[in-house]
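In this document, chain identifiers A, B, C and D correspond to the written order of the chains, with residue numbering beginning at 1 in each.
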Amino acid sequence: MTEMKLITGKDAIRDALIEEMRRDKTVFLLGEDLEQATFGVTDGLLEEFGAERVRNTPISENAIVGAAIGAALTGMRPVAEIMFADFLMDAMDPIVNTMAKARFMTGGQAKIPMVIRTPSGAGLSAGAQHSQSPEALFMHIPGIKIAVPSTPYDMKGLLKTAIRIDDPVLFFEHKMLYYEGGEVPVGDYTIPFGKADVKRKGKDVTIVAVLAMVKKAMMAADILANEGIEVEIVDPMTLNPLDMETIINSVKKTKRLLTVEEGARTGGIGAEIAARVAEDALDYLDAPVKRLGGSDTPIPFSPVLEEAMYPTEDTIANAVKQMLG
Amino acid sequence: MTEMKLITGKDAIRDALIEEMRRDKTVFLLGEDLEQATFGVTDGLLEEFGAERVRNTPISENAIVGAAIGAALTGMRPVAEIMFADFLMDAMDPIVNTMAKARFMTGGQAKIPMVIRTPSGAGLSAGAQHSQSPEALFMHIPGIKIAVPSTPYDMKGLLKTAIRIDDPVLFFEHKMLYYEGGEVPVGDYTIPFGKADVKRKGKDVTIVAVLAMVKKAMMAADILANEGIEVEIVDPMTLNPLDMETIINSVKKTKRLLTVEEGARTGGIGAEIAARVAEDALDYLDAPVKRLGGSDTPIPFSPVLEEAMYPTEDTIANAVKQMLG
Amino acid sequence: MEKSFLLGLYETMFRIRTFEEEVKRQFEDGNIPGFIHLASGQEAVSAGACAAINKDDYIGSTHRGHANLIAKGGRTDRMMAELFARETGYCKGRGGCLHITDMSVGSLGANGIVAAGIIVTNGAALSSKLLKNKKVTLSFFGDGATNQGKFHEAMNLASLWSLPIVFICENNLYGEATPQAKHMKTKDIAVRAKAYDMPGIVVDGQDVLKVYEVMTDAVKMARDGKGPSLIEAKTYRFHGHHIGDPETYRTREEVEEWMEKRDPIKLFKAKLLKDFKVSGSEIDPIETKILKEIENAVRFASESPAPDPATLTQNVYA
Amino acid sequence: MEKSFLLGLYETMFRIRTFEEEVKRQFEDGNIPGFIHLASGQEAVSAGACAAINKDDYIGSTHRGHANLIAKGGRTDRMMAELFARETGYCKGRGGCLHITDMSVGSLGANGIVAAGIIVTNGAALSSKLLKNKKVTLSFFGDGATNQGKFHEAMNLASLWSLPIVFICENNLYGEATPQAKHMKTKDIAVRAKAYDMPGIVVDGQDVLKVYEVMTDAVKMARDGKGPSLIEAKTYRFHGHHIGDPETYRTREEVEEWMEKRDPIKLFKAKLLKDFKVSGSEIDPIETKILKEIENAVRFASESPAPDPATLTQNVYA
């Protein structure tokens, strides 16, 4: 049995970066303030790997992503950091129009093995421009793989895979998960993209949740268990590729689907998953599908309002009961 | 009965701009090459309204959208043009992080009556960076109203409304519709946002289509009619607000839903609509919902490949038959 | 210069400093959530710049925007209430430090996206040009912001259209944890104006009268339709990038030296007493008044109600 | 200079011109779909610049990229096939004019988003720096592109990191239908280098030897780790922005004057004959060879198969 240790999400990311940089000289980091990192993820890496491989940049998101693309095209495996996922909007053009399309537009000549890591999510009263969860937007952009880990174990294993594969990857790290602890194997391991993880087995309702919402769903599951309701929690792990097979098999068993995400509910992750189920497993459904997500509003600074806009263990549990009742 | 005239989509947009600029001195245009416009929409407007109100800009999408926001905040009603919808990615930050959120972030102090007009869609072998249909992305961004007209009548009426309301509007003009003709009332009229239009009545299947896909759906409807199949075609007209009531009432009648769009199928407009139906009208469905859209690939330059990636009257007709068979 | 005007400048700077230091205390006492960016040390830039414009002129601000707003006429009680996330705050508790604004005094907003406010201020200047109302817009931003593409696009457009705007770079020598030398090779940011055929001027941002002077000329140019300028005010922030910043990127000595020798308020007070024959008895009542004002602001804020969750969805659309 | 080298420059320019003019004919005959941007008139910039670098160096190109690619060693038959949207094209017919590239000769790609290629070329220069392989990258873009935020961010980063790259602005005096004076106030784009503490040089883009000369120095600087430069080559496009451009923004006279007096190929041919004692009998066979080559390119393209719709979903992922 492999030896395990308890670490935080932040350290899981950090360890993955350190191990991959030691393993492969073509892996390097670039981003803003990596030396004194906003969430501390890259602190100390400069000391081990030097300023050539841990590159502080100016506040130039387009130049950061562009440089990563160009380096990836020419033999490197860049890992770019965008300080907050909200700032992906600043680099949307190179991400959508170059990074995602170069391989296709060149008839397969271009290979772009790069990762963009970015902290997403709310919970710090950081307001409308520093709290967003834009993951769903990128599901609509062919050519980008998307990782959405919910535990330190998944963070480390998926990041190593993200760095090793030859496609561009958007890697979302939920701020609130940086400080959550979890068991992680000592030493090297990877987790494949496109394979959902059933975080909890159950027979009554299938809950598909991502990032910080997985924990809320797990808490809801405990509440429901006390009332004899057994929910199955499926964590897709990656949104592209999306493992619909595991989700649909679960729905075929439970006959009910609830999706839970933090991003705006309209046009969110749950929309695609619910639509796929309505296309491919409609006849198995015993109840209307349900989607929980952030309210369709910008994110307020006020903590009471911020709290009010997201699914909680209670709203999740209540949604499940409604679906059964 | 109001007098009608036959005009192209391009002229419908042009007439709306001219009439609104004559009506309201605070309306002005800014964008790249408005004097010799890529699709000719704004040709000649400089002569009537002068360089102060028809403003050619440098190739600076961020500065264009930013200037429109600032002007809207201070008493004007700017209509900005982004030359191709693909270039919205260049201005994604001001659109998503400022335009969409300013009113909310300021507790209602900010009012942003502006329109961003942009040609979207494929059909000209313009390749992966000049042919996209990114409409669905913006459904996931609270704070932005979205218009998706499919006829000259809708284009003119919706654009006038877009210019007059006090919210920021993204106004999509499908390139292929610029040269399609249609009947338009002579003189002033507006079309409200949030009210879907049933473009064809039918009892067998509900087809929700937008922009250039409405015409393809109408052609499919004719094919199907010969076989005694009557489809109902619902055009949402605006994606935000989205008139789900009309769509669901149609589905309650036909018991079947097919969505058709040009943008990438995954995470598209159809995903949200199908999910809503699976939530609110599941029990009325007699068949799995179906979504047709662009293939989940970048857009190829090659005409044969470009053709192959989009729904056609035939693929739509076949999908309908499958749903009934 | 009128003594009342000079005392007004002093009052503005003292109000900013007192407000910022109180905000720090309140944050540390747990009464203020979120990320807080203080402008202590940079008071002379906002005070000098806003003294050079009219009540109905516009300003555009940043994440470090408290000083800009106070100098433009923002009320400290409504501001404190906003930072406390209360319904009585300027933004009804929806904005906080990053987005604090009072549009009624001409602040177009504080933008939390670096350089995103610059492109917006061009638009306000554009409407003044189109409406021919002779208003001028001041666009505030930091040194780090000048590496953003938006800065470049905005400067080029403003110069091309000779918009009635003045760009003010508050160069506090750091962008978050990055010293200027690590984010650009250029020594003086003012030279970037050359790329747009625009005047670029460096001014001592710790000297409120010098700031006022260059700003007065730049504002006149803008108002007369002679086009924009870029003013680089060399300044310094006394506190971390945000409250809680470990500040590993600068030495305690550096900070203390600025606090001792280059504190814009100390410097101006000394000048008032020495060069302008102002007596301490003219300054004391101002300081007492401000201390009371900020005390009341805290009371107002803490006694104000938090927003009602039922109102979450308000103000997304008109 | 070696005569063979000079004749090589002539051959490259003649190849570009012959290719572009043939593309125009083929487009007008309906054999080429999409939007086509020709570089006739700008040959000396690509020829002179690429003559100053090695086979394994990199270039980054734009929507007007045929000349860049030919000068770097791209094959005209594979290019023509790409424009014909055939499976044998460099991009298997997926890219077309806007995205035509041959990565095997060091072209990083032609980007259809104005200025988007500039930020990417920095990355290639960065890997050369990290891999210490002494490669240099040339980044081509137009005058209009220098108003894009990406240009600014890329220039600042390249100068800060002293990347082995040379920025080449092909200033053909217009961005689409907009003359330079209507998109920037600056007269010489080269001055924009000052904002990054970078050398900025203006060169006559119609004089291939002058271009070669300045580029040789700039490339040496870059290769020696002394950092990037901005070279502004003043040039002119003989045809519209894209084929079919009504060209309402310039007079026929202006175009004809450039074609007569400032055609880079005519000018260089005259120089070869006069100053370098080259005889017409040395030039003729080159021209004949190229005419044949382009004729074959058209045949190759027209005889090649279109892509199979069944392969639509290939090359989206590795």
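Here is the rule we use: a contact is a pair of C-beta atoms (placed from the backbone, for glycine too) under 8 Å apart; a residue touches a chain by one contact, two chains touch by 3 or more.
This one's a predicted model, so the numbers in the text were calculated from it and none came from an experiment.
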Chains touching subunit A and subunit C alike, please list them.
B, D
Which chains lie in contact with each of subunit B and subunit C?
A, D
Weigh B-D against A-D on C-beta contact pairs and write down the one with more.
A-D
Rounded Å distance, subunit A centre to subunit B centre (Cα mean):
30
Using the average of all C-alpha atoms in each chain as its centre, how far is it in Å between subunit C and subunit D?
46
Between subunit B and subunit D, what distance separates the C-alpha centroids? Give it in angstrom.
37
Averaged-CA centre spacing for the pair subunit D and subunit A, given as whole angstrom
41
Could you pull out the residues of subunit A that touch at least 2 other chains?
57-58, 60, 62, 86-87, 90, 93, 97, 104-105, 127-129, 142-143, 295-298, 300
Residues of subunit C touching 2+ other chains?
91, 93-95, 99, 111-113, 147-150, 153, 156, 160, 182-184, 316
Which category does the touching pattern between chains fall into here: line, ring, star, complete, or other?
complete
Quick check: in the complex, which residue numbers of subunit B touch subunit A?
86-87, 89-90, 92-93, 95-97, 100-101, 104-105, 127-129, 134, 136-137, 139-143, 240, 263-264, 266-268, 270-272, 274-275, 277-280, 282-283, 285, 287-291, 295-298, 300
Subunit A contacts subunit D in the complex at 28, 52-53, 55, 57-58, 60, 62-63, 65-76, 78, 93-94, 97-98, 102-111, 142-143, 145, 165-167
Can you list the residues on subunit D that touch subunit B in the complex?
33-35, 85, 91, 93-96, 98-99, 111-115, 144-145, 147-149, 175-178, 182-184, 246, 248-249, 306-307, 309, 311-313, 316
Of all residues in subunit D, those that touch subunit A in their complex
58, 60, 89-95, 99, 101-104, 108-109, 111-113, 116, 118-131, 149-150, 153-154, 156-157, 160-161, 314-318
Can you tell me which positions in subunit C touch subunit D when the two form their complex?
147-153, 156, 159-160, 182-187, 191-192, 194-198
